[in-house]
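Look for chain A in each of the two complexes below; its partner is chain B in the first and chain C in the second.
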Partner chain A sequence: MTNRKTWLYFIPYGLWLALFVIAPVALIIYQSFFDLGHHFTVANYGTYFQSATYLKMTLNSVWYAFLITLFTVLISYPTAYFLHQLKHRQFWLLLVILPTWINILLKAYAFIGIFSQAGLANQFLTFIGIGPQQILFTNASFIFVATYIQIPFMILPIFNALDDLNPAFINASKDLGASAWQTFHRVIFPLTLPGVKAGVQAVFIPSLSLFMLTRLIGGNKVITLGTAIEEHFLTTMNWGMGSTIGVVLIVAMIIVMTLTGDQKPKGGTPR
Partner chain B sequence: MTQPIIALHHVTKRYGDATILKNIDLTLEPGKFYTLLGPSGCGKTTILRTIAGFTDATDGDVLFAGDRINDVPANKRNVNTVFQDYALFPHMTVAENVAFGLTLKKRPKPEIAERVAQALKLVQLADYGDREISALSGGQQQRIAIARAIVMEPQVLLLDEPLSALDAKLRRQMQYELRDLQQRLGITFLFVTHDQEEALAMSDEIFVMSQGEVLQSGSPVDIYDEPINHFVADFIGESNILPGKMIADFQVAFGGHQFECADAGIPVNEAVEIVIRPEDLTLTDPANAKLTVTIDTQLFRGDYYEIAATDSLGNDWLIHSVNPAEDGESVGITFRPQDLHVMRFGEKEAEFDARLETYETEDESHDEP
Partner chain C sequence: MKRLVTMVVGLLAICGLLGYTSNRLERSSGSTGDKVLNLYNWGDYIDPSLLTKFQKETGYHVNVETFDSNEAMYTKINQGGTHYDLAVPSEYMVAKMKRAHLLKPLDQSRLTGWQNYDSQFLNQPFDRGNRYSMPYFWGTLGIIYNDKFVKASQVQHWQDLWSPKFRDKIMLIDSARDIMGMSLVTLHKSMNTTDPATLLAAEHKLNQLAPNVKAIVADEIKMYMTQNEAPLAVDWSGEAAEMLANNQHLHYVVPSEGSNLWFDNLVIPKTAQHTNAIYAFLNFMSQPKNAAQNAEYIGYATPNRKAKALLPKSVRDDRQFYPTQATIDHLQVYRDLSPTKVELYNDRYLEFKMHH
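Our next item is the complex of A and B:
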């Protein structure tokens, strides 16, 4: 009786899992074996791995996701560390999280305004005498905005890791003669590394398939896998090829998850 | 007297409006085992943290071997701490933990390996160097924490309730080991605990604390036999504390009778409190008894019976007896004059010591049971 009751609690989650995780993934894998004429084939994979365009796209995606993750870590760790020292840290943390409640499209459009020829950024550059520059539709602006959007998802797990760190470890380190820097790099950082890994998972994987920002901010100069999938499904209607790239992305995610350990991502994904 | 290794002069610690330490004076000599004893929140750990350098004194001086170290950061002080929850680094092996301090000092590798091996041998965990911290039991973690501190060869080892997480049997065993270790190393131990049994068992000298003040300091026997006030008497061991009145030197009245006692120098007719330890009371025939009590209840404690009784004035008595009594039985109790200890209300330690001087100088051993 108790067994059956416990089983009942699984139904909502089971349904969700089946409908929104297992079924779509199965469909993507299934679709990836069909060409435009609905014939079963492995040609899509052949095309993918033989085409310089696709491989370059993959490399591009990984490279930009890497850059975005790197900049996010470089900004987020010191920020999380600083926030953690503050008196009303939960409040300051809330201010960091706040922008994630706003839709990514709205934020992208806001940046279009800021970076445009007559935008705030160029007004400032003009004011200090540099003159207006092409900011929008550059790779730099794409990385900038992507980093901006991902930062909260990196700060949160790092902040949590710092919060979970027993202050006695820091005292013990000092007690044994460690300077502030030695304490940081031999005790604090290694012990909060799981938080960084969780953050990398939460940032790197979604960054692989960014497509809205590459178009709106990056001006489609960088074609990432995300852009390619969108094109195949909505423009060329080659669902088989789109699914193949999807499968490649899924495999890439599994690889990243494995590399960054068994930590589950603590943040959400921007969408 | 030798140069004290640690001295606190008028140390006060305030957090906002709360005063955690009130004008603490305390001297530690080299090579002795000291204990800060008190209930939680009495400030004992704050004293430890002040000496270790994890917190600053609001006022007063902290001296190490005569030098003021208030402004010396924790990592530059020649004291090491064994933390309450051990604080062993979980991302390092046992050997890496113990070697941590030495690698920071950039000692040569062979020297580090040798000293780590020695320290592990000292805490009887010689073969555990390659283990993960999570693979150790509480008692083993405790020993590693000690090894990690003593490998630094500090002149003072601070121990913050290190036994509180262990089970009773292991705790007793560690008491022997800690005492033994301190005597072999010959360094000063400052041990913090709320467990009076631990304090009595291990210390050369105990500081009894309450609400940010040191109420009494002295050898375990002194503190047990001559507690300065109600709090100390009650906190250290079991005790019968009764209201009484001083009749004359060496004469005190309580429980409706007058008794010979071992205390003097108190004004006649002053209201006082009398302490009698339960194990100093002997059950006897009512005919040759000093007081008669009625047995309420008794508990068998293994090596003795703990008997609760009431006298004719309604005072409660706690008696430890090897032999059982009958519930409801009227029995006599007897005690010797030196088993009584008279406490004055609000007497400070300095006054207490001065008063003791006046009548104990000729006969030092007179308070020994």
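Our next item is the complex of A and C:
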């Protein structure tokens, strides 16, 4: 009886998994084996791995995603740490999460307004005597906006990890004579590392294929795999090639997940 | 449990009531009756007052649904389940839909307006003899410049864009066929070439333009140009018309050595059901007075010769949107290329984007 009930509870989750996770991934993999004439082929993968353009684009994507993730971590960790010390921390956290309620496209357009020739940023630069600069359509502005958009997704897991940290460990560390830096470096950081890893997973993969931002903010001066996928699905209608790039991204995701996943020591020496 | 049942029953009752009401409303506005016409059009691409006028004259109510790209429209009609009576594809898409057997031929005996059209816009390679399509608007690809930063004499030809003076000053529309086409015209080649070596040369030519390119963007180009973000842009005349209306410093040039000539056309998809309404509408839109009113509202160039004559002189003599005959003679219409050839254009274009 109980067993049957458990199965009933599994139905919604199972349906969800089958319809919205397994089926789309299976469809993408299936599509990636067809060429323009709907013939079964593995040529798409051949094209991908033999084309200097696609390989360069992949390197580009990984490099930018790495930079975005790096800057996000550098900003988010101190922020989460600081927020965690505050009195009304749930309220401050809410303020950090608030921007995620706004559509990414709206945020991108807002940045266009800020960064344009007559925008706020340039007005400020003129005011302090530097004079207007080209801000839009530069690599720096692209990384800036992408980092801004990804920050909440990094702060949340780090904040939660800090929340889960037992204060007794910190007190013990201090009692045993560790300096503030040593406490952070030896106790707090290692114990909150799972939060950082979760954040990296949530930020790195979407950053690989930010095609809207590469066009709106980067002016297509930054080309990532997302640009190529968009082109294959919308212009050339070569869904096979588009799906192939999609599969490459999925594989990249699996690699990142494995690298950042929890390596539970199996009978190894606990540190 | 009892409360849950009450809630579910209540929700179902509300849904039923809403469904019934919306059904009644639709019926009273006539959109599900027989006297309707389902028009599948680009957004804001017909003067709404013409639709009212059409209903008054003929009794047919027009339901307008909109799409934002030829490809999206194609996919939707191809997948079925729709009941569009008329659609408005661009010329290459007419050829593609024709090949995919998605169009019904026009019944020429029921069309009364052909003599109003300018013959040079009829019988085009994408639809010889206009068996399937009636031109709706036409336009070009050209250069938009801002007279605050650039003199008219500096940008009369495509080659001018390559000048070192314009470093980091040009915005390009993100469209493989158009940007590759621009490069091909500059090299005195056909915009429809499928020769890989020629396309490679066109890519190399574009790579030389890269230092002058500020950004490759889509619709946003209108906003940027209106806000003086860049002094130069390459875009379609339809987009240019909108920019010019919002910034008096902007001007549009169609280089006389050649450019693209594009058409948007009325066609009857396979799914059409209201034959009488369709021909009433096609004839209504061919009437010079109505076509002129529509052209004034949209700001694009009308292929209807008699309608053009009715437009204010400042509009019909505007060389930006109605170029001289010599220029029109050099314009090229895109041919519908096979998917592998389209891919060839896009691959070269992607390389250029990577380079830039």
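Methods note: the second predicted complex is superposed on the first by the 260 of 271 C-alpha atoms of A that agree within 3 Å, B and C clash if a C-alpha of one lies under 4 Å from a C-alpha of the other, contacts with A are read in each partner's own complex, and residues count from 1 in each chain.
Basically, a contact is a pair of C-beta atoms (placed from the backbone, for glycine too) under 8 Å apart; a residue touches a chain by one contact, two chains touch by 3 or more.
Values in this document were obtained by computation on a predicted structure and should not be read as measured data.
Once the complexes are laid over each other on chain A, chain B and chain C both fit without any clash.
In the superposition on chain A, no contact is made by A:Leu156 with either chain B or chain C. After overlaying the two complexes on the shared chain, residue contacts for A:Val187 are found with chain B alone; chain C is out of touch.
Of the two partner chains placed by the overlay, only chain B lies in contact with A:Ala178; chain C stays clear of it. Once the two complexes are laid over each other on the shared chain, residue contacts for A:Ala252 go to neither chain B nor chain C.
When the two complexes are superposed, the chain touching more residues of chain A, out of chain B and chain C, is C. Shared-chain residue A:Val73: touches no atom of chain B or chain C. In the overlay built on the shared chain, the residue A:Ile28 is in contact with neither chain B nor chain C.
Residue contacts after overlaying the shared chain place A:Phe169 against chain B, while chain C stays out of touching range. In the overlay built on the shared chain, the residue A:Ala146 is in contact with neither chain B nor chain C. Overlay on chain A (Cα): least separation between chain B and chain C is 44 Å.
Counting contacts as defined above, no chain A residue meets chain B in one complex and chain C in the other. Residue ranges of chain A in contact with chain C, taken from their complex: 36-37, 53, 56-57, 112, 116-118, 134, 136-137, 215-216, 219-221, 223, 227-228, 231, 234-238. Of all residues in chain C, those touching chain A in their complex are 69, 71, 168, 171, 174, 176, 214-218, 220, 223-224, 227-229, 339-340, 342-343, 346-347, 350-351, 353-354, 356. Chain B contributes residues 52-54, 73-76, 79-81, 83-85, 87-91, 100-101, 104-105, 148-149, 152 to its touches with chain A in the complex.
Put simply, chain A touches chain B in their complex at residues 166, 168-169, 171-179, 182, 186-187, 190-191.
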